[in-house]
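First chain written, first letter: the chains are A, B and C, and each begins at residue 1.
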């Protein structure tokens, strides 16, 4: 349980979502319940089963390169902070 | 050196294609930020990636050129991490199944022998955008991204440009070997027409892993990673710097710490980048939005067979076909576009050694000064052929030709026009020259005496006087003949 | 015109005969949408002048002799499908007024055929749910019983007669459960038969654009138009590669129907009787029901939640407040990310992104994610084996009746409600949900599930057998 708490904290940090401490407590319980709920599936014997990676049987789906340039104004209007042709983020010190 | 140096390189190369990897935005330089963008490469919700066939072909060409085994079944994964230059919060890359693996390049080792450098993998991935950290020159807008009023700016023109990453085995043992490997890699990829490999422009980028161990040791020492090296020279220098730094640590009896260092070109030293508290966990999984790639063995063989001639083969051909010295052939083929240039000139002016001298000499010197490759300058093979023909026609002297080349190279004007505009045409008109010759003879009675007295050197002086009076435009051979005729009467 | 009682074909005919104009039809429909929306909360946005202009353009085209198979047909579009004219919220408050710079392929195809988008329909938090209860804009009321949730707002729009077609998405079953809850017909097609380009799905492996309508005939009209290969969605290449496949039986009365009797044990009281009655009725008419075992439903549901949560953590990573959306107030980058994402994603979406991150992390990938990928295979194979013996399989669409608006359920019970739908998503199979009975006032739907590419066949069976 303590390990799970740490792993949950790490997951929240990695996925960069602000979560209140009460929600974090709830999530801890929920994650625990979720993992318990998953047990029947974990118990299935899959050692002779191959994994599936794609929902479709499609292979080799590609397009030929032909340059298209669309309307930029609509794209850029969607940005919360855009100026001088750039998307802006808080200053990053490298 | 009392330690064995172990270096592995990770090189990212931008592929030459019309479009980006997963959308139809152009894969080319733009002077304005964020103009080569669309919903796909900006990661808009619901926009799906569409794989470029050309990029796959280029990655395949690169992999076979690097002697790789090709995965007949491969696919893309998502490498998940946040950074403002990654629009989707993940990079589409090949983690589990790289297209190429187990390749190699042979380079010269430090003792003049061969080092077969293993290439662990060649995989396709998309490039990230670029961050610009200007101070508060651009305001953050009314909503105010930051209280200090300063922002970092993101340009997504490069986001989604097709890359291959080429990872070596830890087979390099000195900074010199690392440089030679990069030179070889660049040559191979340029010859394969996969990438222009311009490190200064970022189309080839290199990270290095370095560690030291006792000679003959089996285990690897703790390695550090070097980033931000913007030229082959910088790679060599930063490796030297890092090797010394690590050796000093081990000499002191301390331990090298795993960290990422950045090469500072101004200070000429490596600087520790902010070390991460947690190791990155990229949570890679197959990208469900793309279809896997299945290649037929015959397609791979076709790509191998269709590989263009590489530098060594071309040098050999230049020696055999044009009777060039081996040295010339090697210099000319060091870069594919220089060799292309040479052969284009030859098609217009068939004197291999003469062309070679000019291309290797004057022309290459100007390229180097201007920081250009042969295919980027305005002095075309036609111009070179024209210049050499003018010498043959005795319109200009060889010496003047150098001046003409320089002016034509810088102005972009054809050499004949330069000659005309600058009034540099050689004077081969006898009557025009006779006047000047007569003048020189009458001005220098002493020299005439010496010459008649058997001092042939005096003739040289007299020729020089005529050349001076014509500002170098006189045909020297004609001047010579005229002087002898007149003095000897 | 009473939309519920009119087929698409009749409506288009009426428009072509000039009995009414597309403009008139849409004008009236938009009025009805607004009136209904005040009480039902069906739409996040209702179309305005643009839709009327589009309708006028359709009328002009008709006068110029254009053939438009959906001329003037009012359609509702779920709000996770991009449409460049009206806002697309994705089920996030931060995107309430977001205008997508592009339009989804399926919407484009409908519009090219003359259909008019009358509104964007409500949805769960980032599409994650089958009730509308987690919507940041409040739940949509069930047209049959207002104190219950609608399941799908698009289905509610159909049931209340404010559109003739509803373009929806289905991940773990929202489209099918919504159709069941509102008493309409919904088709989740074979994976890849309709382009997902422009659908913001949290799970790329299981998200699928589908269509709901009041009759199978209407479904058929729309499906013909919006299905097919789309260069912008790799998964539709199955249409290109397997277009010749046809599913048909000589004598539709003799189709073999697999009836997984064990599955019915999980149903809440009242529902079982509806399904059994349906079976008995059709068996009495001579249809062949055979009992089969589907042994992996529960494990399939669990695998679905592992894979879809993992994909959600990645698919939703793009909501960072830089290129679109609302940026959280922040002085540094980390804060920008955390604040923006904490607000953009609701409680359900936050839960799934966090769980998904956990499941993909080093150590957990092998234990959970890889196992789920293998179970995915087992589930596919179990269905494939069943289709070796049966033409179709029937399954309930829902485990319980539409949820009371005020009922608080543990999240895991919510997820468990996808028991009959998520396994079908996992197998990538086509499923058509049709109403088969009622418990009290509330309709109950049943899934007809066929092998891959049997979509048209399912519609035909629905049309000819289960009327």
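Definition applied: a residue touches a chain if its C-beta (ideal position, glycine included) is under 8 Å from a C-beta of that chain, and two chains touch if they have at least 3 such contacts.
If you're wondering where the values come from, they're calculated on a predicted model, not measured in any experiment.
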Remotest chain, subunit C as reference, centres from CA atoms: B
Pair joined by more contacting C-beta pairs (A-B or B-C): A-B
Between subunit A and subunit C, centroid-to-centroid distance (C-alpha), Å: 22
Rounded Å distance between subunit A and subunit B, as computed from the means of their C-alpha atoms: 39
Mean-CA-position distance for subunit C and subunit B (Å): 54
Interface hub residues of subunit B, defined as touching at least two other chains: 39, 42, 44, 50-51, 82, 84, 143, 145-146, 148, 152, 154, 156, 281, 283, 288, 290-291
Junction residues of subunit A, two or more chains touched: 10, 14, 16, 53-56, 58-59, 61, 63, 70, 75, 78, 80-81, 87, 89-90, 92
Subunit C: positions in contact with at least two other chains: 101, 205, 231, 234-235, 237, 313, 317, 320, 322-324, 327, 330-333, 336-337, 357, 361
Parts of subunit C lying in touch with subunit A, wherever the complex brings them together: 84, 98-99, 101, 191-192, 205-206, 231, 234-238, 241-242, 296, 298-299, 302-303, 305-306, 313, 317, 320-328, 330-339, 341-343, 345, 347, 350-351, 353-358, 361, 364, 367-368, 370-378, 380, 410-412, 428
Subunit C partner contacts - residues on subunit A that touch it in the complex: 7-8, 10-12, 14-19, 23, 27, 30-31, 33-34, 37-38, 40-42, 44, 46, 49-59, 61, 63, 70-71, 74-75, 77-81, 87, 89-90, 92
Contacting residues of subunit B [partner subunit C, same complex]: 39, 42-51, 78, 80, 82, 84, 87-90, 143-148, 152, 154, 156, 281, 283, 285, 287-291
Residue ranges of subunit A touching subunit B (in the complex, touch as defined): 10, 13-14, 16, 53-56, 58-70, 72, 75-76, 78, 80-94
Residues of subunit C touching subunit B in the complex: 80-82, 88, 90, 100-102, 104, 196-201, 204-205, 231-235, 237, 310-311, 313-314, 316-320, 322-324, 327, 329-333, 336-337, 357, 360-362, 365, 369
